[in-house]
Amino acid sequence: MMIQNYVCSIILLALGMYMLMVKKNLIQIVCGLGLLDYGVNLFIVSVGYNEGGTAPLYVGSELEYLAKNGAVYFVDPVPQALTLTSIVIGACVTAMALSIVIRIGQTYGTLEADQIRRLRG
Amino acid sequence: MFDNLINKSAAKSPWLFHINAGSCNGCDIELVAVLTPRYDAERLGFRLAGTPRHADIVVVTGPLTAQIKDRVLRTIEQVPEPRCIVTMGSCPASGNVFKDGYTYAGPLSKYVDVDVDIAGCAAKPETVLEGLYQAAMILEQKRKDMKNKGGQI
Amino acid sequence: MMNYVEHFPALATMVLFLGAFLVTIFGGKNKTLRIFLAMAAATASFVMVLCVAKYVIIDGNIITYWLGNWTPVKDYAIGIGLEVDSLNAFFALLVTLTTYLSGWYSIKYMSRDEGGDYYYTLYLMLSGSVLGLVLTGDIFNMFVMIEIMTFACVALTAFRNWSKGALEAGFKYLVIGSLGSTCTLTGIALLYAQCHTLNMAQLSAMIAKVGITGNSTMILAFALLITGFGIKSYAVPFHFVAADAYMAAPASVSMLFSGMVNKAGVYGLIRVCYIILQTMGLGKVQTLLVAVGTVSMFVGVTMALNQHDFKRLLAFHSISQIGYVLTAIGLGTALGVAGGLYHAMNHTLFKGLLFLCAGAVYYATGRTNLNNMGGLAKKMPQTCIIFLIAAFSISGLPPFNGFVSKWMIYQAIYAKSAQSFGYLFVTVVALITSTLTLASFIKVTQSAFFGQSRPEFDDVKEVPGSMLLPMWVMAILCVFTGVAPKFVTEKLITPAVNAVMSVNKYIDTMMGAGYTEKITGSAATEISAEQITIGNWTPVMWLVLFGIVLVAFTVVAVFGKSSRGYTNNSKEQPDNKHATFFGGEMATRSTVVGSDLFWGFRHNFKGYFEKLEGIHSGVVNDYAVWAIGALAVFVMYLNAVL
Amino acid sequence: MFNPMWLFYILVFPGALFCFVAGTLLNGLDRKVYAKMQQRIGPPILQPFYDFMKLMGKETIIPYEANKTVFLGAPVVGFVALVTIMLLLPQFGFTAFGELNADMIVIIYLLTIPAASIIIGGAASGSPYAGVGISREMVSVISFELPLVMVLLAIGKKAGGDGVTFSMKAIADYQAANGAMICQWSMIPAALAMLLVVPCEVGCHPFDVAEAETEICEGPLVEYSGAPLGVFKLNYYVKQLVVSALFAALFLGGKGTGIVAADAAIFYGECLLVTFFSMTLIRATCARLKVEQVFKFYWTVVAGLALVSLVLAWFGL
Amino acid sequence: MAFDFPFVKEALTQMFKKSSCEEYPFKPKEAFPNYRGRIVFHGDRCIKCGLCEKVCAGGAIHNVLISEDEEKEVYERTFDLTSCTFCSYCSDFCSKSAIELTGDFHMTGTKHEDLLVKGQYTKVKKKPVAKAAPAAKAESCDNKAE
């Protein structure tokens, strides 16, 4: 059941890398970065999934579940924490990238990556 | 303590710097002929130096034309102190056939005190060798004077 | 009772972050408070790390510190742990030293830039994140620190947004940097999927149990981590953005870049290859790292030869010196790692010093293009002397520190070449790169400091004292590490190498004694901390000789004194006697600078240089293609090999 | 720790005095044989000594553009490095500082210091001729570095037996055990390559592109006069001695006679032989090359020779 | 590129042959048979025709009156070797062959006088009374005319 999560995150990663490599407009590159981040976040969340596990919250009901079939079955909370930070980081990356793109647009007058190459050689 | 040794070696390894002040190249090839195996000035220690800073003896050939006058004087001034100035051939000494020409800026001795004159319109290599030998002896004497005068010339 | 030193690692990082926030809040208006706060934070963290270093390296014990006191439960690490062994302490020392000196330097250097108040926030954030990265024992914590470092780097690169390529360099750095972070994060996620833990010590034990050869997810994780940390250490396929970033950033920040940020990348690589995945023993992985190191050595230095911008030249040299460090570390032998670490320390010292010199020249003359500089030695004598010390130590001339570490690296590579033929060529490339480094620094010396002085530099003054002080401190350190190699290796390098080599000690102290046996079943093999021999080259004899001969020549020269006069008058228009010899002409101004040097070498390599400059096209997409292509090559190679 | 013998070594035998006398004598003989080859008498044997003493007596002009301290300090640094190499070279098993297993890497880097001192001195003199001279000097240093390194690696592999060695002591012991290195047939291309590297390292005529007195007026030394120029000329003589001594130590080793003086005499004889074959003969018969010809020659022909013996040594031949 | 070793054979063989060098300052050497070297001036033969002065391209020859009394004038003719081209025109044009260019080539001088050849000659002045004699001659040719 988790296969489509992994497949989907691989597709997102591939799409992100494709946009980074091929798209010339800076904003599309920033979108590519976003896609990369979403791919990784999806991947991390799906790593933490346990078959038939419930949300990792102690609400008291799990005590009798424990008595009933001997094991409390939570989904692994650690990857979810990782994903939180990763999402925040993704957001900050996009914010900073877009602010720089705006400034580049003002100074260079264009957003095409081919024209923004004063530092070369 | 090395003093007399240095004075003697000043005569034993005089390095030449050749300035062509408008010469017809007759004297130039004679000067270089002196360094060839036949006359071999190197056995007396003579060697052509690339810059005036390395030179001891400045050999001037050719009549001092107006255009090259200040360049020759500037180069001679850049030669470090115990130095000799040798005029080779008749042109620098007196201007030879170019004496009354409008470009002629006068004999070298008008601006600089010349030590040895080597006569001959295209001086014979033996004469050049003898002249340079005399210049080397003068160098030793100059080195002594410089030493006694405290060196701050 | 945990004595106070145990708290210092966490405290040092927090002090820097706290300083950053305080500076933003209070430092807005008046400058002195802002500088005071920043320098207070930097000094506090420097002192704390010094104590940690003494405690860890000299006394030889390892600090383990669980945040929130969440100690491992039933041999399972649940909290975030900080572990500081000799390797961490060594790199932490480098980081805080560079931060502290760069702080002093930037007080005066950044005073002219108008956006000065936010500079210190970013500066403290950058140093805090790198210090955090180096001290942590938890792999996700390391990832978060990498992210903060990338943000701070991007912001500092684009700090002077009016200068030629700063914004462009910032954007490219952001793209490739976040590509690297994504690779690292995916690698960490894969490791977590396999071992369900984030603590490095436990991770390495679990991986040793799970085994890496044949396990394709682990190989993919290894390839991703190598690419992630490779991007952070600016090895060749990922070095394009580094060249732009160093050039665009202010000099005190480029010093941080070349001193800390790429060292953090190298630290990450050491951690991943030697300790977490313990794959350094395999020959094939060694060839991978050595290949990357050799290519970055040669490409870095050949690109540097053609540059005519001072800081871009230094940037390419950083890339080539990191190539040295990676080659040495990739060898896998104790001498190799020792050479690599020693060279990393030396590189931080002399490369930082070179960037400070570049900053001083920019501060005094406002130019960084080598083609229109000249004759600064007379106007800025101290900077010139410091520059000569740094240039000689980077090109490895004996009395300075570059020589000792390069010597260790050559011995290590050459000893390794007994097994396979390839390493002979690595030695040859390493030696040729060292000569080319000397060549490019001769070019800088001739174009910037010596040569004919320019009329517009007449009112150039020496840089103020507060900038010169850190430069002199680093210069003295450069000479000290060069003249006393035995002392430095015993005290600093050997403990760090032992920390790298003896992994089990690292795991046991973190997770409790006997942990590795229980998990991996292999006894805790204790690598004997043998003394790394580098041949007892005693430069003291060299200096004694230098003194004696100097005295001899002054006597001989003085004896001739009476017959010679120092005639170097400083009148404005030199008289003929002291004018430069121009073949008799009046001494006009003609400089032989920058791009018209080394014609013979460049003429023969014309094809190679044109292709190389073509590759550095400046388009973001090409850089992304190179990075992702390198990732693909690593994955394929490692799958084929492991 | 600092035994008095060191002072004797540093100052007298393989140190400063020996280098001064032996280097000057070597250059005198070199010039005499060079002259004889051109059918001329040639200067007296002590001519380099006279040159040096004369330069010591001349006036030192420091040009206006020059940077005084570096301008005067550069030559001494070069001389010190050259004398240090001479101290580290094994002469038939006797090395002045024997316990230092100073090895080839130290010697390679010590050999770059004289070239660096000429370059920094030329840069400090601030003349455009010197600028061009510096660029040519550095290109010739780069050009001879590749073959030199390959030759040393080949010898290290050969003398190392199964492993590899950098240390000169091991090479000297290897040659003492089984004959001079040049007799091993696999080392002959390396010996030839090293023989061709020697003139470029010294800056001898066909490869003296940096100090071409006819084209760029003595290159880096254009503004030097008096005592500093004398020391630079002395550096040239001592470098001739040191580089041929390096060749002799690497290729013409063997079992010494036990008496240090006799060993030193034979060693000096070998240096003369090397100087004759590598410098005088090539100098008498070839014209000066252009700078990129020098580079191409060393990085293709001579490097190829060195590579041949490197590969042969690698396969244990 | 062809880096051949030209002349190695000659270089090696010549090392042992005798050098083709004339040790000039230490072994004397004569000039070639009719070498045009230092000028020698035979003052007595000179008749002060001044032809040599006119014909000298370098203007090296000067004539100075030293002393004069009633019946003869003493002149001094100087040849300035430093501005002479040794073309030997003066010796060719001198009808009385008073000027001769010898084979001596040791013409170096530290002072100007070393390279100055001097020669004195006297010129006897004619008596003024000689005018009468031509008158007598005039009569002799008149009576021939009647």
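Every chain is named by a letter (A, B, C, D and E) in the order it is written, and numbering of its residues begins at 1.
One rule holds for everything that comes next: a residue touches a chain if its C-beta (ideal position, glycine included) is under 8 Å from a C-beta of that chain, and two chains touch if they have at least 3 such contacts.
Just so it is clear, the model here is predicted, and its values are computed rather than measured.
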Both-way neighbours, i.e. chains that touch chain D and touch chain A: C
Touching both chain C and chain E (chains): B, D
Taking each chain's C-alpha mean as its centre, the one farthest from chain E: A
B-E against A-C, pair bridged by the larger set of C-beta contacts: A-C
Centroid spacing, where centroids are CA-atom means, of chain D and chain E in whole angstrom: 58
Gap in Å, rounded to a whole number, between the CA centres of chain D and chain C: 35
Centre-of-Cα separation between chain E and chain A, whole angstrom: 108
Distance between the centres, which are taken as Cα means, of chain C and chain B, whole angstrom: 58
Multi-chain contact residues (two or more partners), chain A: none
For chain D, residues that touch 2 or more chains besides their own: 35, 38-42, 56-61, 129, 217, 222-223, 226, 296
Chain B, residues touching no fewer than two other chains: 2, 6, 37-38, 40, 43-44, 51, 53, 78, 80-82, 143, 146, 151, 153
Interchain contacts, given as pairs of chains that touch: A-C, B-C, B-D, B-E, C-D, D-E
In the complex, chain E residues that touch chain B: 19-25, 29, 31, 57-60, 80-87, 105-110, 112, 114-115
Chain D-facing residues of chain C, complex: 375, 377-378, 381, 384, 388, 392, 395-398, 403, 406-407, 410-411, 414-415, 417-418, 421, 424, 427-428, 431-432, 435-436, 438-439, 442-443, 445-446, 449-453, 535-538, 541-542, 544-546, 548-550, 552-553, 556-557, 559-560, 563-570, 574, 577-583, 587, 590-593, 596-601, 603-604
Of all residues in chain C, those that touch chain A in their complex: 140, 144, 147, 151, 154-155, 158, 161, 164-165, 167-171, 174-175, 178-179, 181-182, 185-186, 188-189, 192-193, 196, 198, 243-244, 247-248, 306, 613, 616-621, 624-625, 628
Interfacial residue positions of chain C with respect to chain B in the complex: 559-565, 575-577, 579, 581, 583-586
Partner chain D, residues of chain E touching it in the complex: 1, 3, 5-8, 11-12, 14-15, 17, 19-21, 23
